[in-house]
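Here chain A shows up in two complexes: once beside chain B, once beside chain C.
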Partner chain A sequence: MAGTGTGLAGAVDAYLGDVRDRVVGTLLRDLPDLAPAGLAGLVSSYPSRPGKALRPALCLAACGVLGGDGDRALNSAVALELFHNAFLIHDDIQDESEQRRGGPTLHAQLGTAAAINVGNATNLVGLRRLMENRALLGSQVAWRIIQETELMMRHSIEGQAIELRWIADNACDLDVDDYYRMCLKKTSWYTCIYPCRVGALVARQGTGEPTGFDHYGWYLGAAFQIQDDLLNITGDYDAYGKEICGDLWEGKRTVMMIHLIRTLRGAERARLVAFLGRPRAGRDAAGVAWVRDRMVAAGSLDVARGYARQLAAAAAREAEDALGAAPPSPHREFLLALPAYMIERDR
Partner chain B sequence: MAGTGTGLAGAVDAYLGDVRDRVVGTLLRDLPDLAPAGLAGLVSSYPSRPGKALRPALCLAACGVLGGDGDRALNSAVALELFHNAFLIHDDIQDESEQRRGGPTLHAQLGTAAAINVGNATNLVGLRRLMENRALLGSQVAWRIIQETELMMRHSIEGQAIELRWIADNACDLDVDDYYRMCLKKTSWYTCIYPCRVGALVARQGTGEPTGFDHYGWYLGAAFQIQDDLLNITGDYDAYGKEICGDLWEGKRTVMMIHLIRTLRGAERARLVAFLGRPRAGRDAAGVAWVRDRMVAAGSLDVARGYARQLAAAAAREAEDALGAAPPSPHREFLLALPAYMIERDR
Partner chain C sequence: MANTRSPRSRRARADAPLEDAASGASEAVRQAAAVLEKELASGVSGVQRLGAHLTKEHRVDQEAFDEVLARLRANTHEFVGVAANRVGDLRADDVQELAAQFSTHAQDLLDAVINMVSVAPDVLNRVIAAGQQGDPPRAAASSAPAAKAGAAKRPSRRAPAKRAPAKKAAKK
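Showing the complex of A and B:
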């Protein structure tokens, strides 16, 4: 793969920043009036905070690298950024998270009832944008994008259900393949495969199957999720924007946790299983610190870093295969540089 | 309007029962496999409990009375019953309700995180059914029904937001017109106008505007909601299936509550405003009983019954205007008898 360094990371940051300005700017400018006055402002809360704009960037890059007109994909890019923000609002409630993108979560500000409703309103505004594709792209392509959206939502909901079930059942017999299956649904499809597929559908105007980025997106998404899980434990709050060790408070089955459960023996394993078997409110800071220290001692973080590197390398190989022959463009460079960027980011 | 009594109520019950068997039977039989095993079972939980099937009945009746083929509307009727169940799951979380259709609410059983996800999964299965309309009804009609669904969701989310805002702001200066505006969005559009519009779209195969039942649905929905609010205070748990006086625990701005706030004076008004200003957890059974007793003493329940009667009479007039010339059919009789039934029901 291409060498990595500040040069490439800077190029990725610049591409993401441009997309963010364009997509989030359009999203905020075009928000419909919603009753009561103030509801549209609540819908704009998460999008207004600093975010990576990774999903719309993948959509526009996949469209651009295939020779498509980015203006025709902008509407879909806005829609999927809205779906992402809706997902974050509901996910923060489900995870009982307190912080998001450097500020309090919406349910911490408004209460759960209003936050659920703002999440639903955000999904609704996304659906409206997808329906505008009919005039923009024609009935056939607009319908295909809605089909892709339905498929993405199905994978996301199933991935979320699998992860919640593991916590509810206090699953302690998982292996890394279980994690990958969950992660394909929860993260890769939603964060990488779906945006690329939508970009490809727009570029190809609905002809052919938009599957050329599927393997790339699968590896890239898994690398992204593992890096996110690592940052959750090792990150710096100011960069990461979420509470540190939140995943441990929640009992999430990350690759590090799965490694730790499989590694500990005897009384230490029993203590970990008991910690995970408690409801969130039954865990305390001392227990969380103990689990984090065990992860460091057991090498779980290094194991996870190794997985993330392997996955990023696999994504880079897929990108070379898929894009090696494409003419140079910022879109091509972004897609090629993204795998290394994913595992070097601190936010 | 036609006389009411066991005869007509029996006919309405029979029509609802037939629709329920057909629509809920189809809904449960066709549930897709969802990972993890068990998620589809959770999606089927609320639909499997005793419900009225009012919304699919309105959809099929509106289609039938216009000469449409009910088989072609069945898929949409299943979809809107799914959307309704998804709404109930999220609404029960928002209202912190404990009981639904005679059993514990889903979040009381599973926790909020899993219940939010099951609600989203239920919406997803509804969306899949709407997408099946493309093969069944053609692209044009299928798209129009999705547009109507988007509009319904917008009204519902806005109505919910308005109602939640009133509670959050401890609004004590509302009048009955404020209530009607909220109720048009939260209840009438979603429960009556949308189902009738979808049925009309199927019957007319997308030609013309499906607005013939709008006034009927508006009055009918408002009568339905006020009767529901009355049952919440005066009903019998075994028939009603939800905790009695739940609306008072939640501080809901029903017509009775709005009347009571406008009627009480001095220390009693101050006590009510203070009661409503507390979070739900800060209210107690003695306070709830005091509010209920004040409502009885102030005549708030009788005022609400009067509104419901007026609205039902208005709905019946609209039905006579719209359907007087239609040939006799079970669909016509159902739509004509429904207004009186709405305000006589005990569940």
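Showing the complex of A and C:
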């Protein structure tokens, strides 16, 4: 569905493409001078690669569907795209990932120390963007957005800490509730809830609580993450842009992995626990292939697909409840179509 | 936007692949909803921060207090809505009506309580200031309903101790 350019998927792709051109174009055009020369160029490395621009799109759509002026939300949309790229740089280091958006990860290109610094610089540029909101939106709204940003960063860092701890401790007693808690913090808050909240704050000029999209964002983000985990196992590298089965190499506790751990018995379970207990460098291609085959045989991929579909359906219900009475607009159609798009995408 | 709502008719949409998964709230979605509800309840941590600030500086920040109240109000309304919807999932007509009544009354009650409590910071600041000056906190003891409700009233009973009341009040 995604990438076909037809129907709802085509409309979503078109909306995302427009936002990407606008937000990434602004981001790259307005990068500040950073010493030493070349640092700003490195900050632009990930944003210049093909990405979905999902987060700024949600921010601008939430603002637009509530009657807000997208130009007033653009600054925030650029900031959260920068924060996202900084997360990616640091996440790739923590996960020891090798590929990102169709190319080598930044730490693979520059070394870990330099890549960490580029990630920090990317956060700095995002912070500057938020500071500029004071002149654009007034002190009160700018401060509310900074508060939401602090909350988003706290959730993201806590979510990342949970996941890293699971891998370090070789946690093998997890259930889907544990996964949801990690996913809410690590993915949904910064990918969906935070962008929608910021868009709502701009549209309503800081009045009221910007929480009307929280449930939509939570279900959408969870469906997004599970679909991403599925693509990591079953996707095509050219479309997905990251190493296939990278999550297995990294020992990530996805829905599929949690299901597999809980399903296997005896020697097979012991083999899986031993595999997960090794560092990435201690795993081999044969072991990764065995885990993948076990996931297929145990139905773990189908279970995950079922979860993604149910969560996307819940997001669609939330969107219809919230937006059913809103006047037709590209923003409304985008938000309504996104849940189905999310689980059909191939990138 | 609350979750786990009762099934209802929906207009036909092009995203048909979701339709078969959308017939009511699944167990997976209920579990997900519970995780979010728990996280949203962390508005309480704002209250804890406010309490720590009061203990440390003997002063209530009116802006922080208002912010905590606003978050508490929004979150609690959300909980009430979710609870009402879950009762509604039981389907019997009388339970549905009960859920609607409960929802309305609980929202009204919540607003009333929060409005009453919202006068507390000013009262408490006056109590603390009076306690630090060694004066009996008359204004606080006689002014607001919130003072009667708890923390603000206690220092006046302990007024003979010169600076102690502020600390006692702060710890509350």
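Keep this in mind: the second predicted complex is superposed on the first by the 341 of 347 C-alpha atoms of A that agree within 3 Å, B and C clash if a C-alpha of one lies under 4 Å from a C-alpha of the other, contacts with A are read in each partner's own complex, and residues count from 1 in each chain.
What we mean here is this: contacts are C-beta pairs under 8 Å (C-beta built on N, C-alpha and C of every residue); 3 or more make two chains touch, one makes a residue touch a chain.
Model, not experiment: these values are computed from the prediction.
Colleague: Would you sort A:108 into first (chain B), second (chain C), both or neither based on which partner it touches?
Modeller: neither
Colleague: Pick one for A:184: touches chain B only (first), chain C only (second), both, or neither.
Modeller: Touch status of A:184: second partner only.
Colleague: Applying the touch criterion given at the start, work out whether A:216 contacts chain B, chain C, both or neither, answering first, second, both or neither.
Modeller: Once the two structures are laid over each other on A, A:216 reaches chain C alone.
Colleague: Could you tell me if A:245 is touching chain B, chain C, both of them or neither one (first, second, both, neither)?
Modeller: After superposing on A, A:245 lies clear of both chain B and chain C.
Colleague: Scan A:174 for contacts with chain B and chain C and give back first, second, both or neither.
Modeller: After superposing on A, A:174 lies clear of both chain B and chain C.
Colleague: With the touch criterion stated at the top, can you tell me which chain A residues are shared between the chain B interface and the chain C interface?
Modeller: 185
Colleague: Per the contact definition, I'd like the list of chain B residues that touch chain A in the complex.
Modeller: Against chain A, chain B makes touches at 34-36, 38-39, 90, 93-96, 110-114, 116-118, 120-121, 124, 127-128, 131, 134, 139, 143, 146-147, 150, 153-154, 157-158, 160-162, 164-165, 168, 185.
Colleague: Which residues of chain A touch chain C in their complex?
Modeller: Listed in rising order, the residues are 7-8, 176-177, 180-181, 184-185, 209, 211-216, 218-219, 222, 306-307, 309-314, 316-318, 320-322, 336-337, 339-340, 343-344.
Colleague: Give every residue of chain C touching chain A within the complex, in rising order.
Modeller: 1-3, 5, 10, 13-15, 17-19, 21-22, 25-26, 28-29, 31-36, 39-40, 70-71, 74, 78
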